[in-house]
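Chain lettering (A, B, C, D, E and F) follows the sequence in which the chains are written, and residue indices restart at 1 in each chain.
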């Protein structure tokens, strides 16, 4: 179960409210790189965890921390909406700064949320549960988590540079730091797992087509750089030897059985009589 | 530009068609772990690549390879739909095997696709472009790619074990092998990048709140295991020293400005006269 | 900020795991009536709250409680997936009970989640942030909340009757009770607001078209029941008198200006010469 | 079945077309608070109604009325798009008013719809059938309907204040009035139902965990206001007595069974030999 | 504005209710081939129509007719849900027919809709406004409409053959007939337009790259059939002469400018010192 | 399987980068009229094709061509983002041209993609697999394809006129030409099919309700134009004679069976005693 403390996890102050920045912050709330995603991702991973406890607990600690980050960002959005334009009356747009705000703000911040945050990204696209990754495989999930924090930190640094508001910069410097830690902690789990790749690491090698497990297949033109790490030498997982070759078909031309009549494939004779299609029909294989 | 060869990248045969397995295969086509996602992910990463060429090219090779995997799986779906039930007439369901098929197949395989594959996952949820990750940061993208291949290989192994069809097992043994290689090749890029973490690795440390960059914050109960890699010792990125502490609020209780009248917050005096809400209204801070 | 306790908010036990019931429980996690929706709804309402504090605090209490309900349900899903079929091999389906499970379970429970819960509804449709209602108007939000708890309790009672598992029934009897309380507490706020309707209750009546503010307009056939509460007598909001009349057009036939050429409306003369469309074009009004 | 009359339900005139306002009006067409939602909601409730006829009929009257409101708003969008910018050529943007329009308009109004309305909200997010609530429980549906009209009227008042176009204000004054009536009529049904809460009102009290049915559980800090309606006194549904207490865990720490091998949880011994994970693995409970 | 008549547009009777067929019927309500799509498509096309009146009116007639088809199908779904299983208790599944129903029915029909229809397709995927096509070009829209009716009629025939319920077959024979008429009427408009293709038919030919306007480009292997209508002879639009050639690149290898520093592309020198990436970085073109 | 060539299918140059045009180009990548849709549509149609080979091959040629168009457009987006604003600092907005860009650009182009393309439309709405039409009926699919190319060409012409960048105009003149060819080639297939309508063309006429197969039903007011092609004369499919009549109900008023108790329809007697609802309940038919 969960408990709440009234203070924010970190201070949130906005010196100069900007509704366009409010819109950008939405990416960090309800975007694919955002806090709703990591919160749910870590908690669902924990709730589905069938052991070991050390990782389940770790996920619960950090998943819970992330709820507080959503809270910080939602607060920051509301603060950035103070004084935002609430009309599209033309006289208001004579000033280019106001014009930029009228053009660049999220209309739903006013219309749907009354100057508050939404559970959406910076284009108003709603948060989707499909972004929540919890596969039941610890290594796969850790790679997902490292990526989530990598793209989250990348987003936070881009937001940092997009604003000159001191309060916002301070808040972001904290979130950037937390994303540093979180990247490191998921990597630490991968380190503990010793040989996590290839994920899953327990599928029997004799059931895998070994001929193609460590070969880089070229499907575009040109030579691969001679010093490429991925075409020669020991594979990163330590289980094979990299090689490379030209991609070529290993299968035959597919040939599906004809459709049964109840599918109505559109190729039946018609009352108008035949034409090319009948010749065609006759020529259909099998 | 792209070219097509008529033969499949690898042989696809189905010995004993099974519409429930056809539905499961959809996860590998249009699901979040599927081939449509990796194809688009690698190609969009390449198309947005502002260098270096070695990675751009590599992404183009493998992104192109993945289109052929979608082709294989779509073919496998169609083959598994041969002879699938095309009615829900009750007499057909007397046999439990048929009953399982009628219950477990995707109704759109017949109704919308005429016994062919769709651009959807195993629950019929359409493929979403929101799953395509291309951040413009090579390290972030590589972690996304390792995860994509990890969850893809995990899916393929689960499918492998869910069927006893020799043709399907052979096809999956090839896809599993390719996912092994692809995990390795994205990891090889990360190896070449030397110190990719924390992503992005060029954000100035003095703009990050260093006090919280390597500290595990506990937000749940209980002690962290004494041998945890993530609470002491050098951080995985080699730039800090892990520590841990109890999560505590570092900010104050948030206090937003009152809403302007045009937001209509619902707290205005009404013609019916007051009550608690008026006392409440008087007490609203700032 | 938020904290976590390791014990569940209420006991979760499953006596006889059933993967079809696991799928049904997903509706209560990631469905439109589910706990992810109410958790986010109450918290976003709180985070956007510009006062009064009593309601902001109340929302924080209950929004936090709901996270624990997601935790309970996700645990229940995982427990119901113990022993679920992990293959579609035909011999397994000889037993009708197994056949029902193979047909009725969510394939992603195995394929994507490794026998754990997902952030989706009972059809695998992902949770959507668009379901999170936080309008910035306290009365509007309270009606949304009453409905959310009404449909949530309805769902829980239907789940209660769909199972004969004692553990699940006990868990649901608790969730049903909480939904009772939550319905009551949102209604209590509406009671405190004294005259919340029509929402928003501060829009000037002289700017509303008063002629149609309390009139039931008939757009279907037949008389309205003579004892209908909504066609005569004082309106429920106490501000008007109900009446009824036949719906009739109050506007004119719309007539849009022609499209500018760069829209390419498809009506231009073509090199093939005219026909009906030219007569048509000539006849286009304005 | 349905019939159409050519005149609009109410007059729609635009004095000064504004493409940014056209975009805002989309929220009232295809947004979660919009007319497509209420139209479908009332009609689906009617079509699924298993009695009584008085409510089924009422829903059909008003659901049909709402189709005409979509028609009005779609007409208003098209009228507001007269003269909208159809290029992004830079010289056009020298005027800040034009700049605001170029920034703030929906690009799909030109590109996809040729200066007409779309079935989307003000951010271009498509209308979703998931917003259509029809639960089969009359009381639950009525609360959904009151909320739908509350948020719809709130949206209409915000639109009213965002424009100074006399035609648009007149149209909105009518829609605002209809939303007043519709709120009242759904409330009138709830009044007729006498004791609709807790919804559903016929679930046996002895199957509900009565200990928690009227208790406000605190999950955040601080005391609840002493005059709070929801912590003491008779419950609003008249069936219980409000109380309050500190939220505390009533369950135990969850402990899931280990995953079966075909899930590939990532914890197996590897050919590289062990490390922490092996110790970890040994320690996994049950 | 719209009016409603209480009788259905055509008789709806179900002799033998079947919840699996109810699920399949959902495809015709809220699926991409369904009635919600055509209703909205025709009405939005009409509402955005800037003339001529004859087509605007025609769209209004048929768009209105389609609302009545949704009504029929929603009624049919509810009737097919009479007696549907409302539990997943195992003893109920002993009969294979019941097992098929338990597996094959839509769980939300019970859980969310109380045995009524939803605004979703046969997999429970919600209707999406993105399927509503209204481009502002009459010819483009007519092709969209012909396709909508073609896939709709195809769906209806597949449903017809999937059931042996006489009432359902009769209802579908009516819907199939209406789809016949609707295909014909949209084709009649195309006939009136004389030379609608290429759509849009008024884009100046000298601004189109004429070298590639009538050439079939081969991007796969093998010869095109010698009697192919699309590689020689007059083009179908009567404006060109078909030819064919091998697809070949007409552009150069793309080469994007390097990313500005605030994008953080991941290629900066790090405190750990260089490696391959530095050589790589030096080699980045422009 | 697929191969890639490094050069673009056609030259892509941007003389004067414009981030607002970059946003508009997204419609042609990930929008419903865009290249991701046609690429997938043609390839899925091919992969599900059960013959004849001539059409399967044709679809593979053109589907493969379309991948190269996505590549061109993604390159064009990236080029248009060179020099795009990367901050919302107010001083930057003093120039109205910059203000228009800041307002009109897609924030995710910077935040999520680091100045590259996304798999989304011009409003940031992700590409959806639900737009990919492959019905298993050749005629239905060809109409879908003609429409896809019609709306695609319409979009390209609107983009052509929205820009004055010579490079972009040249690229679009090529894409416009290809859409001309593609419209023609799908029409050529329909010509070969001789009598494709009504689709599907092999459903037995005696199972269709012939009384309504060629009758235009009026559901709106007013006379149909006397020269309307769709109300008299031979039907376009050559199989019937057009007529017209007033729409009228052919069915009865629907009357569903009462809900079973486990649905909880909200109409049960309550402990508070009756009221109108009890009279109502008594009056429920059947």
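We adopt the following convention: contacts are C-beta pairs under 8 Å (C-beta built on N, C-alpha and C of every residue); 3 or more make two chains touch, one makes a residue touch a chain.
Because the structure is a prediction, the values reported are computed rather than measured.
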Those chains that touch chain F and also touch chain E are A, B, C, D
Which chain pair is joined by more contacting C-beta pairs, D-E or B-D?
-> D-E
Chain centre separation (chain A, chain D; CA means) in Å | 25
Would you kindly tell me how far, in whole Å, the mean C-alpha position of chain F lies from that of chain C?
-> 27
Please set out, as single numbers or ranges, the residues of chain F touching at least two other chains.
-> 1-9, 32-33, 47-48, 50, 54, 57, 60-61, 64-65, 68, 75, 78, 86-87, 96, 99-100, 102-104, 110, 112, 114-115, 120, 123-126, 128, 130-131, 135-137, 139-140, 151, 154, 157-158, 161-162, 192, 199-200, 203, 219-220, 222, 229, 247, 249, 254, 256-257, 259, 262-265, 276
Which bits of chain B are touching chain F when the two form their complex?
-> 1-9, 30, 36, 40, 43-44, 47-48, 50, 57, 60-61, 63-65, 67-68, 70-71, 74-75, 78, 112-120, 126-132, 134-137
Of chain D, residues touching chain F in the complex | 1-6, 47-54, 86-90, 93-96, 98-100, 102-104, 106-108, 110-112, 114, 120, 123-126, 136-140, 192-196, 199-203, 238-239
Going by the contact rule at the top, pick out the chain E residues touching chain A in the complex.
-> 154, 157-158, 161-162, 227, 229, 262-264, 276, 279
Which positions of chain D touch chain C when the two form their complex?
-> 5-12, 32-33, 54, 57-58, 60-62, 64-65, 68, 72, 75, 78-79, 82, 86-87, 110, 114-115, 125, 128, 130-131, 133, 135, 137, 139-140, 143-144, 146-147, 149-151, 153-154, 157, 160, 169-170, 173-174, 176-181, 183-185, 187-189, 191-192, 197-200, 203, 207-220, 222, 224-225, 228-230, 235-237, 240, 242, 247, 249-254, 256-257, 259-260, 262-265
Okay, in this complex, where on chain A does chain F touch?
-> 16, 18, 20-21, 23-24, 27, 31-33, 96-97, 99-104, 121-125, 151, 154-155, 158-159, 161-164, 219-222, 247, 249, 254, 256-259, 261, 263-277, 280-281, 283-285
